Amino acid sequence: MTWLADNWETVLTLTWRSLYLAGIPLVIGFVVSIPLGWAASRWSWSYPAILTTTGLLYTIPSLALFVIMPVLLGTKILDPVNVVVALTIYTVALLARTVADGLIAVPDDIAQAATAMGYKGVRRLFGVELPLAVPVIAAGLRVAAVSNVSIVSIASLIGVSQLGDLLIDGFNRVIWGELLTGIVACVLLALAFDAVIVLGTRVLTPWLRVQGARA
Amino acid sequence: MKRISSAVALIAASLLGLTACGSSGDPLASASSSPTGSASAGASGGPIVVGGANFSESTLLAEIYAGALKAKGIDATTKPNIGSREIYLRALQDNSVQVFPEYTGALAFNYDKAFTGTDPNEVYSHVQQVLPKDLTVLDKSAAEDNDSIVVTKETAAKYNLKTIEDLKAVAGDLTLTAPPEFKGRPQGIPGLEKTYGVKFKSFRPLTGQGIVQALKNGQADAANIFSTDPAIAANGFVQLEDSKKLFGSQNIVPLVRADRADQVKAALNAVSAKLTTEAIAGMLKQTDIDKKDPKAVAQEFLSTNGLS
Amino acid sequence: MINSIWAWFTDPANWVGEDGIPHRLLQHLEYTAMAVLLAAVIAIPLGLWVGHTGRARWLVSFANSVRAVPTLGLLFAVSLWLGPKIRGDLAFTIPSVLVLAVLAIPPLLAGTYAGIEAVPPAARDAARGVGMTSGQVLRQVEIPNGLPLLMSGMRSAVLQVVATATVAAIIGLGGLGRYLIDGIALGDYPQTAGGAILVAVLAVVLDGVFALTQRRVVSPGLTGRRVGGRGKDSRSVSVEAEKPLTDAAPAPVARG
């Protein structure tokens, strides 16, 4: 652990970089997946179409996507935006399905009651259906967060600097302290994302908390 | 509705807020620190990013170059770990990096697959001819780092190997390990076959430490390791003599963007004048065997040689 | 760009020998099979036990946090640690397959556990009511009812392994990842793109095979239980049956 003591500044810097390189796609991906998932849930003919497409995107290996991005986006070869866009694609691929299934699972009678109360269209989506779908969506968001933190470390292989650098340098110079610090830092970062999402879920679903207390 | 928007705002704000209070500047900018007011003499032309490839020597050289530039008042940072030549050449051309430590022979072969010269000066002048218009090389140093074919002491004893040519008879039973690029490079596997008639039974592409480990643990019989790599001495490996000079001359030389050459040449030529193969080998021993920080080792070299 | 990728696919030299597409595809399939089987041998019995007895639920949470470990880091660490201890070419396969298996355990365990957990209590009670023993309840009621989610977990795990096996090429594993890594190192982007396409196709084909298996193996009386309850039932049946790639509840796959 002397390695960590000597290098904690570097570790902090790299952790920040991993945080936003993995976190920004999470936020953007989440926002983009809401209309997509809603469309898939609303029009059943679109469900297979949308989800097969996103499912296919999910199978593209991360390294390939990182390398293809500059060609598709016209960005510079080392631009971190390549990584952000690639991770956003993976996040959307994962969450579109989760949002769709979460919305589908909202009981019919509740949706109808909401309409009867005057909630229509977008207002019903944001006021009633999405809040009820929060537990399912949150589960997907947690997996997307963890997945992003792991994939982002692969970007070190093409020169985009973040926690993955510790893994590569630790391996190349056989510095176990560095390699293990890199692994642990990634795990802690992923768990931190997870905790924030769980907290957010709890804030957003007070009715579940009440149920729990009563039981 | 209110609760959702406030929670979403909270999560988004905390994520983005954390990114904002991260370290220097715009996190999504590809160049590193922001060049606020570097106003000392010789600093005209803006910040310089020195790139490095994914092996220790390249990282070390990048730190040395950046340190020398900083000593002359130029705002310089490094961007290491750019694994593939294709990628870093593109980075030079799209101005993500402006300086890169390179090797004369490798550059010559990269731009002229038919080139077979081996004299250091011949190779250097050929490089100057074949480089694209937007790139140029500064003075070369005396320090060389060549590809080499390396075997363990036991293997050398078993097959009585001293030069690469000695491999010709036995290579058919042996496995070679090298970085993936070695397979396609003219002085790689094709060159071994053409120049020495050496054809290995199988090829295992690995990177960095993986190559040393494979040779050490017996998963490969021969390896392509750079001549200055301290792992050779540390593990008692035997470097086979390149009697026909397949791997040519590989003097270390700064590859820079033509439009920044004037800004950096004073500092980097001074470095090249002091760089020797022994110095590099000694520094690599400190970073790879003694596990010291490359930045610190580079700084020591610069101050010892009056470059800081 | 598209032309050069097509040229790579149609070049007959790329279809023969050790570096040829058939050989690499086969290797990739082998590694996937080994890793998923190893993971299944550990995760499925464990998931069945936790779901059936209701004990040690923390194991499932712990397994989910294993997903947080970065693939690249685990590959480097295990390869450095085990490399000196293994002779010959197995030194590249064993560390990779181990890591792939470890990372495939969370989705399999989660799917198995969720499947058993979601069995309607009424079915369990009825089984006990007709006098089935604990083991019989497990085999004749819980497992058949839990199959949809278990199969979901299996498909997630397979997708996970197929995708992650490409990264393992960096420590010497063969398979389709070689096209990616070697392509990038050589600047041969048609090779990289070709490799990526092959991986995607393999993933889709394997998922299709499992979807067909699921349709055969899962009892037609089951619609597949999901978090959130009823929803629009007729749609849910077709949705569960079609299920393109990633699964829905309880936890989708984390790729690496």
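Think of it as A, B and C in the order they're written, each chain with its own count starting at 1.
One rule holds for everything that comes next: a contact is a pair of C-beta atoms (placed from the backbone, for glycine too) under 8 Å apart; a residue touches a chain by one contact, two chains touch by 3 or more.
The shown structure was predicted, so the numbers you read here are calculated from the model rather than taken from an experiment.
Of the two interfaces, A-C and B-C, the higher number of touching C-beta pairs belongs to A-C.
Using the average of C-alpha coordinates as each chain's centre, B ends up farthest from chain C.
With each centre defined as the average position of its C-alpha atoms, the distance from chain A to chain B rounds to 35 Å. Annotation: 20 Å between the Cα-based centres of chain A and chain C. Averaged C-alpha coordinates put the centre of chain B at 38 Å from the centre of chain C.
Across the assembly, chain B contributes residues 83-84, 87, 209-210 that each touch 2 or more other chains. Within chain A, the positions touching two or more other chains are listed as 156-158, 168, 171, 174. Touching two or more other chains at once are residues 79-80, 170, 181, 184 of chain C. By the touch rule above, chain C contacts chain A in their complex via residues 1, 65, 67-74, 76-77, 79-80, 159, 162-163, 166-167, 170, 177, 180-181, 184, 189, 192-193, 195-196, 199-200, 203-204, 207, 226-232, 235-236, 239, 242, 244-246, 248-256. Contact residues on chain A toward chain B in their complex (touch as defined above): 6-7, 13, 16-17, 19-21, 23-24, 26-27, 70, 76-81, 84, 123, 126-127, 130-131, 156-159, 161, 165, 168-169, 171-175, 196-197, 200, 203-204, 206.
The touching residues of chain C, when paired with chain B in their complex, are 18, 79-80, 83-84, 86-89, 91-92, 170-172, 178, 181-182, 184-188.
Those residues of chain B lying in contact with chain C across their complex are 83-87, 179-181, 183-184, 202, 204-207, 209-210, 213-214, 216-219.
Contact residues of chain A toward chain C in the complex are 44, 47-48, 51-52, 55-56, 58-65, 67-68, 71, 90, 93-94, 97-98, 101-102, 104-108, 133, 135-136, 139-140, 142-143, 146-147, 149-151, 153-154, 156-158, 163-164, 167-168, 170-171, 174, 176, 179-180, 182-183, 186-187, 190-191, 194.
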